[in-house]
Amino acid sequence: MATVDLIEYEDASPEVRAIYDDIRKVRDTEYVNNFWKALANHPKTLQRVWSGIKAVMAPGELDALTKEMIYIAVSVANSCDYCIHTHTAAAYAKGMTGDQYEELLAVIAMAYQTNGIANGMKVPVDDVYNR
Amino acid sequence: MATVDLIEYEDASPEVRAIYDDIRKVRDTEYVNNFWKALANHPKTLQRVWSGIKAVMAPGELDALTKEMIYIAVSVANSCDYCIHTHTAAAYAKGMTGDQYEELLAVIAMAYQTNGIANGMKVPVDDVYNR
Amino acid sequence: MATVDLIEYEDASPEVRAIYDDIRKVRDTEYVNNFWKALANHPKTLQRVWSGIKAVMAPGELDALTKEMIYIAVSVANSCDYCIHTHTAAAYAKGMTGDQYEELLAVIAMAYQTNGIANGMKVPVDDVYNR
Amino acid sequence: MATVDLIEYEDASPEVRAIYDDIRKVRDTEYVNNFWKALANHPKTLQRVWSGIKAVMAPGELDALTKEMIYIAVSVANSCDYCIHTHTAAAYAKGMTGDQYEELLAVIAMAYQTNGIANGMKVPVDDVYNR
Amino acid sequence: MATVDLIEYEDASPEVRAIYDDIRKVRDTEYVNNFWKALANHPKTLQRVWSGIKAVMAPGELDALTKEMIYIAVSVANSCDYCIHTHTAAAYAKGMTGDQYEELLAVIAMAYQTNGIANGMKVPVDDVYNR
Amino acid sequence: MATVDLIEYEDASPEVRAIYDDIRKVRDTEYVNNFWKALANHPKTLQRVWSGIKAVMAPGELDALTKEMIYIAVSVANSCDYCIHTHTAAAYAKGMTGDQYEELLAVIAMAYQTNGIANGMKVPVDDVYNR
């Protein structure tokens, strides 16, 4: 059977419940999204990925919204539909305005366009960038 | 012959020179990078792409450095080696610190990781994100 | 009309039916999945692709399950949703355990992560790997 | 300056040296490859990525060579040139034969081919795989 | 809220309506597809992208159908499901036959296959192509 | 050792030489490019891939140049540097003009741009395309 089971809180082991509780606390919401419920089939991976996300996505040298926009950009270019949905929602939740979203999209689209051109023309990297 | 010719200023048509001059003015540097010298083989495309870049990359709702970091993220995920080189250089030129770069990389890496997992497990998009 | 027609056995030409019969025999199942029913619109391509799959996916130096896991890995990274579904099902049918699947996913996720970092940092290939 | 610095052992902090030592011990080789020397510019990320690799790539439900072949498959499809080089070398070091490599390549190529067809024809996922 | 609003003609600003009217005129159809209704949330981007499409997709040195087939090829390889649907429909509308579509698919599949092999084997570019 | 060996004619087995001879005849050139010399390490794969290429790339419903341009488009989007080089050279050899190449590039770039937008905005496929 190929479709992933989503593990609900009430069916989860104590180990998995503790992680769900931590996700809720860190994100200040009752809602645990399907990604974690899917990963919960593999508790060790759940633990490792959640620890990584928690460390990396916390505000630091870059603020939390900037990080979400970078996350969206990667997810679009890697064609991860699930990730685009959740991180776009997360960016709005962290205060992204409609105008900021428009600019995010425009930058993504422009980067795509020049990625295609530079790869297509096999433009050689300038010496100044290789020193 | 498959390798792209790079059109130098002194060999360029007046139309292309005018665009090179604009690139220099907008970016406040004498240096015109290979991407534009390659595109100069196709003046109409050069004109269209430069107009787009100039409009999209100017500071607006997002600041210029945030835009460069989003550009890098897309270029990494689209495997555009040329674009990664130039926009990483541009981000440093616009004030990106080493610590900010570290966080940019960490977010890109984390997004990659969860892109792989979410696609691999075929996690269904939560109803709350599809409303 | 853009949506693909799926050619059922009873509507298929003798040529296509012979291939469906071979698929059933090689795979030891009555079920012919949609991929082949879609390809059946183009019998020559159906023939060429099925011959290739039959030759390549048979156990050889690598066992059949290892081949399915490699297939999944490529399909995830190429964002082929259809292929991820069918080859994950095939891997389970060939005996993949839940614990093996967890490790497969973990390796895919780790590879994604370092792919992003190595591309993002433009790490130069070591001389020892280029000799 | 856009090119990454490679931190050699003798220039590394004690913290980074400890990780290099662990890499050497786990891999049973004196050689530390450029990926780690590049990551050493960002010790926290170095630590996190190395811990992840060490845990994920150790033999478990899948043997070490199978894991390397999966890693190669992802790296090819994500166009990570650096990763292809290093993990192909690693697979040979772990005993991959030339004949196994040929089959690995053939499976990757076949998966690519059907990824293109399934995405191009928009083949709908069979109900049996979505249950 | 993450799902995109689709702006219908009757709810659109005069500026957006003018673009919808132009799309209808250039394409000689009443139907405006969802892509434009989604972009209409961002009128400047709508304007810029539509101008670009209108200029680039008009018959020129390449005929309109060839351009659609190239568009499909890129969209498949970038895993843009929406774009595959619309441009396949557009190609049929511009006269693509079933046999032409079969060959288009076969070329895409063959390119995918050798892309995987060439990247996987790290085949060095021949000197004759780099001169 | 990770770098691929290139098998020259004089070092090749009779089986491989026969394929090289066929490549030369079909392409009407003495030159055999590195891709085939790399594949020659795996004669069965060489045979299978060359048969496929010969069948698929011959003029049919689509002419040979159109096929090369579609091949380039896929190779750009799959980031296959080797394939971009060789198929761009092949397209020029088959009569592609500089102006046609400009339009090819412009279509590729435009497709990239809208691929990014459509994926980024998660534009739903119109009902008319799903019927």
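A few notes on this one:
The first chain written gets the first letter, and so on, giving A, B, C, D, E and F; residue counts start at 1 in each chain.
Just so we're on the same page, a residue touches a chain if its C-beta (ideal position, glycine included) is under 8 Å from a C-beta of that chain, and two chains touch if they have at least 3 such contacts.
Since this is a predicted model, take the numbers as computed values, not measurements.
Path length between chain D and chain E in the touching-chain graph (shortest route): 1.
The fewest steps needed to get from chain C to chain D, moving only between touching chains, is 1. Relative to chain F, the most remote chain by averaged C-alpha coordinates is A.
Ranked by distance of CA centroids from chain C, the top chain is B.
Set side by side, A-C and C-F show the greater C-beta contact count at A-C.
Between the CA-based centres of chain B and chain D the separation comes to 27 Å, rounded to the whole angstrom.
Note: centroid distance chain A to chain B, computed from Cα atoms, is 21 Å.
Mean C-alpha position of chain B lies 34 Å from that of chain C. In chain B, the residues touching two or more other chains are 1-3, 45, 48-49, 52, 74, 76-81, 85-86, 88-89, 102, 104-106, 108-117, 119, 121-122, 129-130.
On chain F, the positions that touch chain A within their shared complex are 72, 76-77, 79, 81, 84-85, 88, 105, 108-117, 119-122.
Put simply, chain A touches chain D in their complex at residues 1-3, 48, 52, 55, 129-131. Of all the residues in chain A, the ones that touch chain B in their complex are 2-4, 6, 31, 33-35, 38-39, 45, 49, 52-53, 56-57, 60-62, 66-67, 69-71, 73-83, 85-87, 89, 97, 99-100, 102-104, 106-115, 117-119, 121-126, 128-130. By the touch rule above, chain B contacts chain D in their complex via residues 79, 85-86, 88-89, 92, 98, 102, 105-106, 109, 116. For chain F in complex with chain D, the residues that touch the partner chain are 1-2, 41-42, 44-45, 48-49, 74, 78-80.
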